[in-house]
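Each chain gets a letter, A, B, C, D and E, in the order it is written, and its residues are counted from 1.
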Amino acid sequence: MAAPLQAEAPTWTALAPALALVVTGLVLIVVDSIDPDDGSPALLAGVGTAGALASLGLAGWLLAGGTGQPDTGGAIALYGDALVVDGMTLFFQALFASVTALVVVASYDYLYDREYQAEFYSLVLFAATGMALMAAANSLSVAFVSLELASLPSYALVSYLKRDTGSVEAGLKYFLVGALSSAVFAFGISLVYAATGSLLLADVYETLAGGANGLTGVAGVGIVMVAGGFAFKTASVPFHFWAPEAYEGAPAPVSAFLSSASKAAGFALAFRVFVTGFPLGAGIDWVLLFQVLAVVTMTLGNFAAATQEEVKRMLAYSSIGHAGYALIGLAAFTTADGGNVLGASMAHLMVYGFMNTGAFLFVALAERWGIGRTFEDYAGLADRAPLACVAMTVFMFSLAGLPPFGGFFSKYFLFAGAVEAGFWWLAAVGAVNSALSLFYYSRVVKALWLEDATAEFELGPTPTALYAAVVFAAVATVLLLPGFGAVIETAQAAATAVLP
Amino acid sequence: MSDAGSRPRLKLGGHLVPGLAAVALFAVLAAVFLRASFGEAAGFEEGASITASIGYAMFNVDTGAVSGAVVPAEGFVVAFVLIAVVLDVAIDGAVFLAKRDEGEGGGGVLADGGREIRDRLRGGDD
Amino acid sequence: MVPAQYYLVLSAAIFCIGVFGLLTRRNALLFLMSVELMLNAANVNLVAFSLYWGNVTGQTFSLFTMALAAAEVAVGIGIILVLYRNFKDVDVTEATTMRW
Amino acid sequence: MILEALIGVTFLAALIVMLSPDEYAGRLAFALSLLPVVGSLYMWAGFDAGGNALMAGSIAYRTQIDWLVAGGYRLQWFVGVDGISLPLVVLSTVLTTLAILSAWTPIDTRQSQFYGLMLFMEANLLGVFTALDFFLWFVFWEAVLVPMYFLIGVWGGPRRKYAAIKFFVYTNIASLVMFIGFMSLVFNLPVDSFGLPAITGSLQAGELSRFVGLDPAALKLAAFAAMFVGFAVKVPVVPFHTWLPDAHVEAPTPVSVMLAGVLLKMGTYALLRYNFTMLPDVATRPLVATVIAAVAVVSVIYGAMLALAQRDLKRIVAYSSVSSMGYVILGLIAYTGLGIGGATFQMVAHGLISGLMFMAVGVIYNVTHTRMVGDMSGMADRMPITVGILVAGAFGYMGLPLMAGFAAEYFIFQGAFASTVIPSAPLFTAASMFGIVIVAGYLLLAMQRTLFGEFRLETDYEVRRAHFHDVAPLAVLLLCTIALGVAPDIFFTMMADAIEPVVAVVGGGA
Amino acid sequence: MAGLFDYTPAVVLLPFLSFLIAVGVAISGRDLLPKGGAVPGIAATAGSFLLSVALAVAVAGGEVYNETVYAWAGGAVPGTEGLELTFGVLIDPLSALMLVIVTLVALLVHVFSLGYMNDEGETGLPRYYAGLGLFTASMLGFVVADNLLMAFVFFELVGLCSYLLIGFHFREPGPPSAAKKAFLVTRFGDYFFLVGVVAVLATFGTGQFAGPESFPVFAEEALHGEHAVNTFLGLGEETWFTVVGLLVLGGVIGKSAQFPLQTWLPDAMEGPTPVSALIHAATMVAAGVYLVARMYGFYAVSPTALGVIALVGGFTALFAGTMGIVKRELKQVLAYSTISQYGYMMLALGAGGYVAATFHLLTHAFFKALLFLGAGSVIIAMHHNENMWDMGGLKGRMPVTYYSFLAGSLALAGIFPFAGFWSKDEILYETLVHGLGGQPLLLVGYVFGLLAVPVTAFYTFRMVFLTFHGDARTEQASSPEPVGWNVKGPLAVLGVLAAGAGVVNLAPVRVLTGAHVDFLHGWLDAGFAELTVHHYEEIDPYSSAYIGGEATTVLVGAAVSLGLALLGLALAYKLYAVPTPTEHTAKLGSVRDLLYDNYYQDEYQVFLARRVVLPLARAADTFDRSVVDGAVDATSSVSLFSGSRIRRIQTGVVSNYAALLTLGLTVLLVLFGVLGGWLL
């Protein structure tokens, strides 16, 4: 095993993946200032992708090197315990980096004739930085700021198509609900501070574990409101109202970015804060809270998606549904073997990241080709773009949780974790929802393969970068079935390490 | 265009119903907070300079070598750096969104608070 | 010394006034103002309990919330401008092209 | 290594055929599909395992490699074959090859994709019958659905989309229910891997602990019920059978052959492996046994009655599959050497005969383009050989002695009659045996209306003799049926040897 | 001679070989074989016949043979340690006798087919001879079967062959539906038989007929408490054996066309006449009776079963006879006469007359085959017109057919020197004697049998007079087509046998003169100890009583039966031996229609099928589609409907979102406040 990095290099290098992203963002701004009217989009996209891949490489290398794992000296706390780098952080940073890379590559073709491309890429990179730091946050202060760092560029990105009413409306709604949620989150943090007198998760855990002597009420409200903040970021009920419009209105790569990376970031922060911050007995049994959230989110997401007319909006609701599944990670958390189900949820987020990004990028491809958005417009697409349709079929069936694709294992490990923790009814609700999800996912497949084309249309030149991104995502989804061992093992090891 | 139009008036009417949700929320919060029992406030150390303490907290300064009383606090250097990046991003986003592309003129929106354009487009009444 | 509950109730009151404003007004700018109000409610709490717990964490963090509020407003105004350009109005209830 | 080679080659073949040009896809697929056949025959020749794979019997061609560790459980690539699964493996390979051969005429669009999916499905089927690790098995179990959805959905009849999605979602819900049932069992056993033998051993040793307020006995019953429902949809057992006729009628002939021939057997095979081997104490409870036996009898009689009322030949054969599978359930619940042995034998026998019937109906459909009983008559006049084989197949279906159907049904009846598990076993058995009369009734009725009498055809197609490559698979299947009927010991000894430990646990009689 | 027995399977395999050859020819489609496949068939049956005769001679020498030839399943089946499912061969006096009968009649029918099928220019001959070959092989397989399972296997195969042969002319509408009906009705009977087989094997653990390990022996011992058997449904051994006996009887009633499952036999006449002769007169229909005889030891121990057999037999004899009177076609009359004669045999078996039944089986096989072949030659002459009212006066023109047909009719009617008289009389004698010996039930059977005698004589001679006597009523009848040697040959052989077969077992002569002339009795009394006649008499519940001594009862019985027979003949002579007979049956009025329509048996069975079973099936189908399938579709539509409702809360207006969000938050706070204890 290569000698772990931090043996000789200074500790801040553990933050390399996040630094790579922020540096790339700044470089993009510098490049933009040099030739303001987007002289060479390829350069911009190239820099963005390079930065993302660098971050991915670093995160992967650190993870492989065992940085922050229990066997190599435990998690690395930095800057007065404000940041922590351990298995979970690197795992999520790798996920954000890969999704960002995919989105940037795809956007190169998607924005081929738009101006302000530099802003687009820099905003995406900065949002990714925010997410990377969310994964590393070890105090509520850093959590709040990094959450805002991830959200603000997203508001701008969603309303990027300034002249398109859909994008603007989406941006507006996303911003308004976002602002409201961030206010709730801030108020929650203030209450937790009121109850415990500190913002560092370790201290909060200590104070609450020692019995909040009379302040349980305040702590309880605080915890619920903090959970609300995360619920917004992960688009779980009741803070999900922005999601359908935002994903549908936003440019497809941005929807992909939001529904995969930022949702995963929300979960990373939620796992960290709740597992290390709030002890189970502290005035509120937050496992039950997440069970309620999980069930309602799953059910609303899947049932609403069943009768949608537009593919992109259906994907939005399906993304809410999947948020519900990922919530099982916390909903079935028991201090005994909570690591397993948490790890399963992390693995599910990784696989979901790939397949969901892929699906939205396929929608981007369809938009780029000028095909309409409803199921009827997708009819008979397989004859014209077989490879892309195969990729979409892989995404759809993987999201539905069918073998031989990655989504199968991740979903079933989640259900197995729930059953193992004794909440078989949670798995049952998940099962019913995933069966219903099979119905509407196969509506897409039916449209692509089974229906015959209604209108005769020519697709025009295939956008290579976007195509490559979609195919790469599909290959990753398929490979995640045999390769799922690595993912689940690292995830569960990291999760058990996080337990206090 | 009577001048009454420009005087701020309290807008009452049916759309206040959603407000009840806010009142309910307040009721719940108040109920919880009034039941909470707090001990004696610890207060700050006599003669400690709060602003200096905030400064030290802001940059994780090791207060050991510093003279005078210092109020303890956590380190916020990471938050400080991050807030810088956030503000930069906010400016980028805001400028990008607000910048008027060549296509849409829109004229002197600045002087009259946008009323002229509104009247031209919306036909007068408020 | 003023008992700590009063601060809590005060901040809750400000918070709920913010929410009330948010729910009832249709103008986007007022929406922003309400959110500002809610963020400041959090600040009240932070500062109050900074004294209660005797450390300046709360006060320092309240600075950060103010900064973030400012950043948020910046982006918010940007979005409202784009909204105005497209929908010719800043009424949030107008923009309902996408539903169900 | 032979098993990995078998499954690997089939996957590879699927890929190759998928990418090959449409004209040669049919021939290429047939050629490539011969490899698994040879492989399975080779395995059969060298088969030397004794006892039941799940109950410490020796497993032939066993491979056990750790795949991944998740949540404290080791997932393994654990494959192996024993007396129960080998016949089904041979059946799958042979049937797929013949189905591909019979697909040359009817399938004329997107051939390469069709044959690719067929081989892909075959690979998954081989996986289902050989996997001995629950998760590995479950991957293959669910993976079979995907190709079948496309095969019905793309090349099917007019209502194919409805039938495809109904089959897809219905079966998926069932397997989810089964998954939860099984998981709630495994997590309360001191096992560290999902290997079926390990789980069975630990269950038999009674190491099941309490779970969410259920004591072991109640937990076992709940798990048994969930798994039974899960597999019952696949078998199908009567209340859950409504997807079968739609799927069959809309599926093209070769797909129907595979659906009836092998896919139904996945359900019964799983029932035997999971419900009846792992939880015998639950299965032999009087109440449970009565319910299952009653369900079996209802499946037989009700299925047969439904077949009597059908106007479409394919629907008749579809409903009669429900009826035959009812016999299998009766055989399984009998818990006697002959009963369960007969049930396993019926899986193979029904696979061959229903495959034959579907193919024959398909060959006639290729020429007349109608399957309705009223639309044609006197086919024997124009297609003597095909009709000859169809009549022979029909008699095989009715349980004519010296054909595989009779051997299987007779074992089941003999085993069930003397079963100590089913309360008042003779009554149940006698009731279910009445099925052979109804089967004879509707098959003869249908044959008399369509095959005999003077020639008449509503659809104006020119009816002439079937091509050689259409009739060849029919002949092969007929010969296999007769061979198995005359000498059932080809498979029966192997099966009985694997079933003996299962029955011994309950102390079942002959 | 021991080596000979190793060849017994050859008896079965030779015809099977001819079947394979004929099938090969049929599939290849080319006319390879001369005479369309008849030659291998004839050669095979001849070979079997010779072998059977050799076996009979060996058996006469006192040797018997019972070997398992082929372990069908589960030789090494641990689960079934007690249950050996095997095929074996049992040669003993009964099976040797039956072998000879079957092979002889099969040979004659094959030869006859040359004339009937080949010369008439039928198409598809290989398929015909393949069917015949398979039938013969299956029948012989059934005859030599050494256990109940093997018997059932070949019992069903024989049913299949009858389906194929009845439906030979599948192009016309009639034969296929007749074949379907035949197979279905017999299949209904076979269902009970299969349950019986399964029951026997489950109860005794073996299905062997002969040997110390055979199930009749076990049954006997069980009743004496020496052998433990597992009975089912909590019934005692006695009642359980009766139930099993009656179950197997179901199959017998189906195959031997006894009441109520006899409706298929008259329709089976749609098949070619040689088929009717072979299958529906001599062999297949005899299978039922032969089976009962084969396992007679088992039936003997359950008196109720014997009683039921006797009653069913007697009733069928009379019942079928009455229906024969009014029929217009030649073969229909013969069909009903066959049912009636087998009724007699069942009556004999039921009444403990084991030898009488076998004797009547032997004689009936010959004279009924003769009558059918005679009818066949008449049909050839009349260009396939079977209606007796279009014939008449054929006596002069077809002397060989006439005289052999007359010999057959005399035997059938039971007139003195001919075979029929001896066997029918012995049946009535046994029934009377055992009836008097304390079994009133048998007396009822005896009355049925007695009443049937004049009826049989009447319809037989009505047929003879209408066909051969009087003037030719149609042009065709006046110049019938000449028939070749291959028709006349078999007729002559059978004519002699019909006349002389009676000599085999002259029981009344033995009673009167004490001379041991009842050779058949002696023949059947040898072989396996538990299968001999005297053994059966020991264990069957009957004891015989006489009206004033044995000799007087024999004489009285013989006189009464002969008198009634002559009475029937005279009546027929008076009515129909006139040049231009008239439809006397019209005088019977509505009774005639009742008889003509077979007591509306067909109608109620068809009604049962079409009006009851089919509507039930359709009701089940609609129920299945609407309720069971409906439930499945309902769940999907409910979930889709609720999905569309849930979609509605996304109204598009941000304020609503904010409001719902706040409400959600408040609800959560209240919920967890209450749970956490810090709110109320």
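Throughout what follows, a residue touches a chain if its C-beta (ideal position, glycine included) is under 8 Å from a C-beta of that chain, and two chains touch if they have at least 3 such contacts.
Everything numeric in this text was worked out from a predicted model, so none of it was measured.
> Quick check on the contact graph: shortest path length from chain A to chain D, in steps?
1
> With chain centres set to the mean of the C-alpha atoms, which chain is at the far end from chain C?
E
> Highest contact-pair count belongs to which two chains?
Highest contact count among chain pairs: D-E.
> Relative to chain D, which chain's C-alpha centre is the most remote?
Comparing chain centres, B lies farthest from chain D.
> Grab the C-alpha centre of each chain and report whichever is closest to the global C-alpha centre.
The chain sitting closest to the overall C-alpha centre is D.
> In angstrom, rounded to a whole number, how far apart do the mean CA points of chain A and chain C lie?
The computed centroid separation for chain A versus chain C comes out at 26 Å.
> As a quick test, compute the distance in whole Å between the mean CA positions of chain A and chain B.
Result: the chain centres lie 28 Å from each other.
> So, what's the distance in Å between the C-alpha centres of chain E and chain B?
Distance between chain centres: 101 Å.
> Rounded to the nearest whole Å, what is the centre-to-centre distance of chain C and chain E, using the mean of the C-alpha atoms as each centre?
The answer is 97 Å.
> If I count partner chains per residue in chain C, which residues reach a count of at least 2?
Answer for chain C, listing residues that touch two or more other chains: 4, 8, 15, 19, 22-24, 26, 31, 52-53, 55, 57, 61, 64, 68, 71-72, 75, 78-79, 82, 85, 92, 95-99.
> Going by the contact rule already set, what residues in chain E reach two or more other chains?
Within chain E, the residues that touch at least two other chains are 636, 647, 650, 652, 654-655, 658-659, 662-663, 665, 669, 673, 678-679.
> So which bits of chain B are touching at least two other chains?
Residue numbers touching two or more other chains: 18, 21-22, 25, 29, 32-33, 35-36, 38, 74, 76, 79, 83, 86, 89-90, 93-94, 96-97.
> Which chains are in touch, pair by pair?
According to the stated criterion, the contacting chain pairs are A-B, A-C, A-D, A-E, B-C, B-E, C-E, D-E.
> Touching chain E in the complex: which residues of chain D?
166, 169-170, 238-239, 241-243, 302, 305-306, 308-310, 336-338, 341, 378, 380-381, 385, 388, 395, 398, 400-402, 406-407, 410-411, 413-414, 417-418, 424-427, 429-430, 433-434, 436-437, 440-441, 444-445, 447-448, 451-454, 487-489, 492-493, 496-497, 499-500, 503, 508, 510
> Name, in rising order, each residue of chain C that touches chain E in their complex.
19, 22-24, 26, 31, 92-93, 95-100
> Within their complex, state which residues of chain C touch chain A.
Touch residues, chain C against chain A: 4, 8, 11, 15, 18-19, 22, 28, 31-32, 35, 38-39, 41-43, 45-46, 48-49, 52-53, 55, 57-58, 61, 64-65, 68, 71-72, 75-76, 78-80, 82-83, 85-87, 92, 95-99.
> Tell me, which parts of chain B touch chain A in their complex?
Answer in residue numbers: 29, 32-33, 35-38, 60, 74-79, 82-83, 85-86, 89-90, 92-94, 96-97, 99, 101.
> Quick one: which bits of chain B touch chain C in the complex? Just the residue numbers, please.
11, 15-16, 18-19, 21-23, 25-26, 29-30, 33-34, 36, 38, 40-45, 50, 53-54, 57-58, 71-74, 76, 79, 83, 86-87, 89-91, 93-98, 104, 106, 114, 121-122
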